[in-house]
Structure formats: structure tokens, C-alpha cells
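Both of the next two complexes hold chain A, though its partner changes from chain B to chain C.
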Partner chain A sequence: MIRSPSYAPRLIGGLAFAVMAVFFVVPLIFMIVVSFYQPDPMGFYKVDFVWENYAKFFSSFYYSVSFRSIYSSALGAVLVVALAFPLVLIVSDLNRTWQLFWIILLLSLMCLSEVIMGFAWLILLSESAGLPRLLEALGLWDNPRSLSPSFGAMLIGLVFLGFSIVALILYPSLARRDRSIEEAAMTLGTPPALVFFKVLLPTFRTSLISVTLTMFVYLLGVFVMPTMLGRPKDWTMTVIISDKALGDANLPLGAALAVVMLIVTVIVLLASALFAKGRRI
Partner chain B sequence: MTELTITKLRKSFGDFTALKDISLAVEDGEFICLLGGSGCGKTTLLRLIAGLETHDQGDILLDGADLTKVPCHKRNIGMVFQSLALFPHLNVENNIAYGMRLAGASASRIETDVTRLLEMVGLSGLEQRAVSALSGGQKQRVAIARALALSPQLFLMDEPFSALDAGLRDQMQEEVKRIQRDLGITTIFVTHDQREAMALADRIVVMNDGRIEQAGSPEDLYSRPATRFVAEFIGINNIIAHEGQTLAVRPEFITLDKTGDGMTGHILRQRRLGALLERDIKVGAQTLHQSEIAGTGVGFDEGETVTLSWDASKAWALPA
Partner chain C sequence: MRKLYLWIIAFLLIAPFVVVLGVSVGASKNITFPPEALSAAWYEELLTEAEWLAAIGRSLLIAVIAGVIATTVALAINYVLWRTGSRFAKFTFALGLGPFLLPPIILALGASLFWAEVGWYGRIEATIVSHGVFLVTLPLVIIARGFAALTDEVIEAAQTLGATPAQVFRTVVLPLIAPYVATGFALVAIISVNEYLIANMISGFVVETLPIKIFNNVRYGYSPVVAAASMLFVALTVTILLALSRITDLVALFGTSKDG
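Take a look at the complex of A and B:
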């Protein structure tokens, strides 16, 4: 018997595709088009075809901003994964009740908006309350100052923002992992302290790389943490772009910078993917 | 020489007592099967010997030395896990060489050993193959080779063949038996399959509810089961209350006649399995089993009333 084809999956898929096209591809194309327009201080832009917006990127200022963006996002991503992986590993070996407790905690962390987290850290790192005062009370710091804004404070913000996401991505595969692989390593002479490095890290290498890349892209687009916790010289490209596009009403320059960042991101991702593939046994 | 002596070993998980004072002596070069249903404690006992769990009370002595004080990674024990637990990020060669590399063996030594081990399990030439590209049977062989790579004192296997189909399982059983005999290595094999235990073991240890029901050779267990549980588990499915005694009678020792004295019943069903003819006979509320080489006995129809008899010397009286 020939089954009549079901149209439901195609319909739903087509709908999703249409939504993506309208709300993602169309603005992207619009952005690329605008990046070639002439800026107009009175309005937003003048229709034209010029390269001068792109030419501006190749000044030392934007150069260093984009390098800084990549550097801080990459560092943030690596830190997040380096902290979240061992923690989730510990959580996945707890009993059901405590696992549930941690999952709920991580989920509620995700519910907080970036702004609230930023403010929380602003207070925690401020001179009048929080960490500096605590360190003073403990006699570890004679002359406490506010710890923000600074590069470190921004990094703390980024790590805090990404932590629950990475933890929740890693949790299912870590909880379901075959623990006898670790036991096998021990029967073959691996001291328990080395099992993490000899077995767990290599086994999860692929998922760790992919989650680090995901985090890298996510942190590149973060806007609130750098502005709240970072100094102007720590600001990432995202902040500069919105500054140009909205603050200076120079939409074509903002668009051009965004296109360059998009290309750079894609290159970084492709390079990492190729690197990871080349090293697979 | 490897002699393993376990004395009054006790282990609980919370309220559940997995092992209740287990005592067992394993001789050098012996192939022991721990046999029992799920939750009987057989895997816990194996894991205690491997050092993957810590015991509550009792002793485990290996050649007279207290093994419980030695952490797992220093016990020199080769173990094959139920899930096999091959390292997914390493190829066949590196899986087998893992322990040797860790112990700091030289590259040339590792190469000759890996070649020898792969030859032993019949996988020569697959050194560079990824583990994920192996078939079920090949994975088993790699797991066995890896467990034996460090020339362990004890070889432990935890239901390694439970995921294989019947044909492959028979083949792997033969191979394990051959390897064990060639190396003369003391082996403890956990299984819930009595046929597997019969095929492999020098001595079967039947476990139930955290205790050893009986330890003996396959023939011992089959002809002289110590308890009703052993008799049933080992596949003697006729437990007959007869003249104040509880008798265990093997299906092949029962003869059927159309008339005569003794127990009567009627044939529920009969089926022929190759050369063997098997019958289920309803006697009172009980269903008994009888088997014979097809064509050697009297023929019956299903539903027919029969008289059962057996040679008294072949019936084993179970302790009350």
C-alpha cells in the first residue's frame, strides 16, 4: 500500500523557514545594503554605493576594537567552559535531589536579565559595599577601591552570563555518560586524580570545543556587561557599533562594522572547525 | 601463583545489604563463574575484588596479602565491563596500549605486545581502526585484549556477552575459554545465564540474595544441587514432592508409560527440538518436564494420560 505523503512536516518546516527569511535574512541583506550607503548627519543615510564605511574600519581604532572583542570573548568563553565543565561533572555525580537543586539554580540564573546581573556585580564590586569591604574587614586590603569598571569586572560579568548556559548544555551528556569508562581507566592503572585529564577531557573534547565556540559567538554579541562593568577602552565591537549607529546616527558605518565582524566571526569559526577536524584520530 | 581468598565479606548500599558474609576461595588458574539473578550481589562482589567499591566488613586476600588496602589502580587486575567501556577517543592500538603507556613501557615493547595481543584475540591488522568502526564482536575482543595487556593477576569479566546474539556469544565463550586456558589466568566471570556458566566455568558459584547458595563444578550443581533455588536456577525444572522427600529429577531421567504404578498425569504439549523430544506433563497442580531422544520411547498424543517413573538413584533428594 502506498501511503499518501504527509504535508504537515513540510508545512511547519516551510513556516519556520519563512519566519527565518523574513526576520533574519531580510534584515541581514538590508544591513549589507545600508553598509554601502552614504552617512547623512541630518537623516540616517543617503542611498549610494561607496566603500568609505569599510575604509574606516581599517583604521587603528576599529582594528584594535575588533581584536579586543575577539580576545575578550574568546577568553570569556574558555573561562566559562573551564569552570562549568568540572562543576557539572561534580553535580552529575550527586544524588537525584542535589542534581535537581543545581539544575533549578542554574535555570533560575538564566531567568535573570543581563541588566540585573550587571547591577548585582556592580554593587558587589563597588567601593562602598561588597567584595572590597569584605577584603578590608578580613585585613587583606588596606585601601579598598571599587573593582569596577575594569577588564576583570567585565570578564566576571561575561563568565557569569554564560555559565548557566554552558552548564545546562553540558549536563545531559555528562549525566548520561558511561561511568565504566572511568572505572576501566582505573583498573588499567590510572590514579583517580588523573582520570579527569586522561579520560574525561579527551572523551568530551568535541563537545567542549563546540560549546566553547558557541559561547565565543554568544559573548561577541553581549552588550550590557561591557558597558556596565568595563572601561570605555574595554568596550567590545558590539558597544561601538550601537554607539555609532544609534549615538552618532551613522547607520551605514554601524552596518559596515557589523558586516566586518560577521565575516571575522565566520572565519574564526571555520578555522576552529577545520583545526578540530584535522586533529581527530 | 594467584590465590584469592574472600572471608566474611559484607557490603551494604544504604538499607540494602548486597553481600551477606560471603566467603570464597579461588585457586590459581581457576575459572569461576558467579551465577545469579539481578540484585543477587554477583556484580557487587566482582567490583569489590576490582576495588571499584569499598567493603563494609571482611577480608579479601590475594596470595595472602590484604587486597582491601590497595587502591583500584594499583591492584593489577584486568577487567572487562558489561558496557565494554572502550575509550572512544582512542583507536584499537591505543586502547590496548593505554595501560602500558601509563606504566611507562618502551615504544618497541608496546608494539610487540599489541601485535601479540591482537593476534591472540584474532584482530591482527586492525591496529589503526577507530573503536566506533568495530562490530560488536570486535569490540569484545579489543576489551579482552586491553584487560589482559598488563598481564594481570586476576581477570574479571562482568556479563561481557549479554549484548551479543546467541551465535556470536557461543563463539566468544569458546575464545575466552581458550585464552584463559592458554594463559592459565585466574578468572572470575559474572553471568546470569546458567548455560554460559556451564559452558565456561571450572566452578560455578550460585548466588542469591547476597549469599552463596552453592559453589561447585557444573556437574556437581547439576546432579547434586544443594538447594531448591540452585536446582531451579540451573535448569532442573522438576522438583517433586515424593514420599515425604523433595526430589530434583532431571527431565531426561523421567520415563513415561501408558500404564503402571506411580504418579500419573496428562501430556499438556510436546515439541521436537532437533533430536530431542520435550514434553510438558501436568501432574496435579504441577507442570513437570520430560525429555528423551526422539524415537527412543513410546509415542503419545497430547492430552493422553501417562504414568511417570524414574530411576531412584538418579533422583536427588534436596535438603528439607
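Take a look at the complex of A and C:
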């Protein structure tokens, strides 16, 4: 096909690139720049070049916050994938109507505000409504009290939040999977549990690991669930960053902490990409 | 056994909202479930009090314009990639995937510093633009599926008949990818309405959106109006997605159905 020389695609492409560069890349670069500035208690920051903000990161407080963030995000990510994978496997074999029901349910949950999910669980775990009261009515708990804030409540919030995203990421590949091997195994009388562990898990190992890493990075950045459902000692790095930047108005320190998180994120994503690539060859 | 697992998960996913619904229609000012007496007072307060109405209006305004920005950029990137297939277009596409891969707190803090430096801190335009740019990933991926589904024959037929690239785009490409664009727009609008962290970091003190207002209410002593506002969200989100399922084949978008 003959194309007349045209500048339109280049112009459109250039504009789209400019929008992404100015409003997505420049703010990130500027954040890195600010992380070297001096904090100014009177205003935003003083232009400077100091390592002091990063030096603050290497203290026991931030070590324990980092460890906690990594621990709760990793635990949350593994739980989410462990729960969502079997669900999507089952759902992708349902008839069209029920598939649509599940897709709409999952899409609704993916779109729904973290604030509202946090609020809903807050009520569900509270003393006056929800679970503790139900347990009392059933005679299982004599002296019910609120189940949140606690680490468990925060973890439930994280799993609830990530569930729909992981399910929707896994959905296309699971729905289009080649079912012949499973069917062959079933015909030969292999128990379903064995098919799951010997056929399905190995087949999807790569995508399961990469979706776990994606979820880990996502949960690292969650703000509402730890603040609403967790105790201050459960707070993750995201809450601390927001606290430093907005609460203490120490923007350079907040920026430095965010840059550390950015570096961790990029390392995890690169590892995930390399792993996926290595497996495919 | 399989069915049981489905039902348990469905129950756990829906139960929290049933409780919120119960609280929102309860007459008591204290949060109780199940409600002792029914009342629509909290919905009335939500829809008559100026502060709540203003928050709803702001959130909807941000969502609609951010949706237009995100889908326009996503469409532009996909169109150029489809027409030229150049390395630059591929790079721009990859750049568009970035916001989804990074934790939102990083985007939020970066944007907050950026807008403060530009002098737009606390302005609704800043929230709109950042939402539009950060939520570009979903329409980008969805519209890409639309372009992938285009067959060369229709395009070549139009070109043989003498259509200019602009005419091909308007009369052939656009109608065929319109459902994907609409899906992308709807998802961005819904996510924008629901988004808390970025909106709060950019200009939360001034531009109080609905999620920010709910969060502040929950944190500093809450009333059942919050439950009513939450249910409004749930209803809005589910309604839009149901409407969407009528114009786009969502099952086909996420996978292939078993019987078709």
C-alpha cells in the first residue's frame, strides 16, 4: 500500500509523548531533585544539594518501617494470588452469564474506592455492628470488642483490595488456556487436586510469579487500608511518606523516602520482567 | 466443592457492602447492624447538604474531564503505533504503562511537588490533569485490543476507494474501535471518582472530592451519612459497568466464553 508522506502521525505521536513526559516523567524527576534539597520549616524547601535526607533513611526507625512494609505487602500479595488463582480457574469454566456476573463484580471492586472498602471493613469488624456482634449472638464470644485496628484487619483490607485486580489480570490467560491436557488427565482418572498441582500450577508458574510481584509493588503503595484498619505500629512506608510530606511539611525527606521506594519498585519490576523473559526462551 | 468456593468468595466480596447498606438505611445515629428501624434520613442529608453536594459535583467534574484526557492520549498513542509501528510509538506506549506499575504514593508525591512548583497547587485543574495522565494505562491497553481486532481488508478497501488517512480514521477506524474507547473512558471516570491518594496529595486541602470527604469523616468521628455516600458510589459504579456490558462484550474483552 502506498502512503503519501504525512506529518499527522508524527505530530499526534509527539503531542501524546509530550503529555506523558511533562505530567508523568517530569514530576518524578523533580521529586528526585527535591530529595536533595534542604527542608525549610517555614515553607517548602531550600534549594541545595545534600545527602542528609537519605542519611535519615538509614536509621532504625526507617529500617523497621521498611521491613514491615515489605513483610505485609509480600504476605498480602501471596495470599491474594493464592485465593484468586483457583477462583479464576473455576469462573473461566462457567457459562457466559455467570462469567459476566463475575467480571462485573470484579470490575466493580477494582474501581471502587479504597476509602469505601476500608470503611466497609471498619464497620464489619466493629463492636456495634458486624462480626463481633454476630459471634456474640451465636454465643461464641462473651465479651466482644472491635477487631480493628489490628494487623489482621489491615491484612484483610489489603487482600480485599488486591483480589479483584489479580483476578482480572489472570482472567484472559486462564480463560484462553489450552484445556486439552487437563481434560486428558481427567479422562485418565487423575483426581482434580492432582491436576491442579501437577498440570495447572506448573503451566501458569511464570504468570503467577509475575502477578505476585506486581501485587507486591501495588500493596507497597497502599495508603488508606493501613491508616483506617491498622494500628500506628502497623503503618507502612506509604503512610510515613505521606505523613512526612503533608503532616510535618518535610517535603525533601518525603521525596527521599519515595525515591528509595521507587528504586525498590524498579528492581522488583526488572526482576519480574527478566524472569518472565528467561522462562519464555 | 468448586461451587462452594465460589459462593464463599462471592459472600466475602459482597458482605461488607451489605453491612454498609444496612447502616445507611438504619434510623440510629450510632453505627449498628442489623438496623433496628429503617429511615432514609442519611440519604436525604447527603443529597441536600451543600457540602456533600459540592463534593459530589467536584468529583464528577474531575472524572469526566480526566476521562476525556486519558482516552484522548490513549487513542493518540495507539493510533500512531498502529499507523507507523515506529520505535518511538512503542516507547510512548511503554511510557503509558508506567503509571500503573508504580505505587500511587510515588506518583502522588511527584505530582504534588510538581504542581506546587508550577503554582497550580490546590487547583482543581491540577487534579484533573494528573488523574487524566496517571489513569491512561487502562484505556491504552483496552484500545490496543480494539486496534488489534481491525482487519487490513477494510482499511485497504477504503484506501482503494480513495479515502485520505483522516477519512479512513473517521469513517472506518473510529466506528470499529468506539466500544473500546467508551469502555476505557468509563473505567477512567469510575476510577477517578473513587481515587483518594493522588487527589488528596495534589490539592486535598482545597479540592475536597467525595472520597476525601468520606475519609476525613471516617477519621474524625463518622455519621451514617458516610455509609449513604458509600452506597451512592457502589450504585453508581455498578450501574455504569452494567450499562457498559450492554455496549461492549466484557466477557470477550477479558477472555473467550466457553460456548462462543
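Quick note on the criterion: the second predicted complex is superposed on the first by the 246 of 281 C-alpha atoms of A that agree within 3 Å, B and C clash if a C-alpha of one lies under 4 Å from a C-alpha of the other, contacts with A are read in each partner's own complex, and residues count from 1 in each chain.
One rule holds in what follows: a contact is a pair of C-beta atoms (placed from the backbone, for glycine too) under 8 Å apart; a residue touches a chain by one contact, two chains touch by 3 or more.
Note that the structure is predicted; figures quoted are calculated from it, not measured.
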Partner chain(s) touched by A:V80 [first = chain B, second = chain C, both, neither]: neither
First, second, both or neither for A:V115, with chain B first and chain C second: second
Touching partner for A:V34 - first (chain B), second (chain C), both, neither: second
First, second, both or neither for A:T203, with chain B first and chain C second: first
Which superposed partner A:P191 touches (first chain B, second chain C, both, neither): first
Touching partner for A:Y218 - first (chain B), second (chain C), both, neither: second
First (chain B), second (chain C), both or neither touched by A:M20: second
First (chain B), second (chain C), both or neither touched by A:A8: second
Partner contacting more residues of chain A (chain B vs chain C): C
Contacts of A:E183 with chain B and chain C, given as first, second, both or neither: first
Residues of chain A that lie at the interface with chain B and also at the interface with chain C: none
List of chain A residues in touch with chain C within their complex: 1, 3-4, 6, 8-10, 12-13, 15-17, 19-21, 23-28, 30-31, 34, 44, 83, 86-87, 90-96, 99-100, 103-105, 107-109, 111-124, 126, 128-130, 133, 160, 163-164, 168, 171-172, 174-176, 214, 217-218, 220-224, 227-228, 238, 241-242, 245-246, 251, 254-255, 258, 261-262, 265, 269
Residue ranges of chain A touching chain B (in the complex, touch as defined): 178, 180-181, 183-192, 198-199, 202-203, 205, 281
Residues of chain B defined as touching chain A within the complex: 50-52, 71-75, 77-79, 81-83, 85-91, 94, 98-99, 102-103, 130, 146-147, 149-150
List of chain C residues in touch with chain A within their complex: 2, 5-6, 9-10, 12-17, 19-20, 22-23, 30-33, 73, 76-77, 79-80, 83-84, 86, 88-89, 91-92, 95-96, 98-99, 101-114, 116-117, 129-130, 133-134, 136, 156, 159, 165-166, 187, 190-191, 193-197, 201, 211, 214-215, 218-219, 222, 226-227, 230, 233-234, 237-238, 241-242, 245, 250-251, 254-260
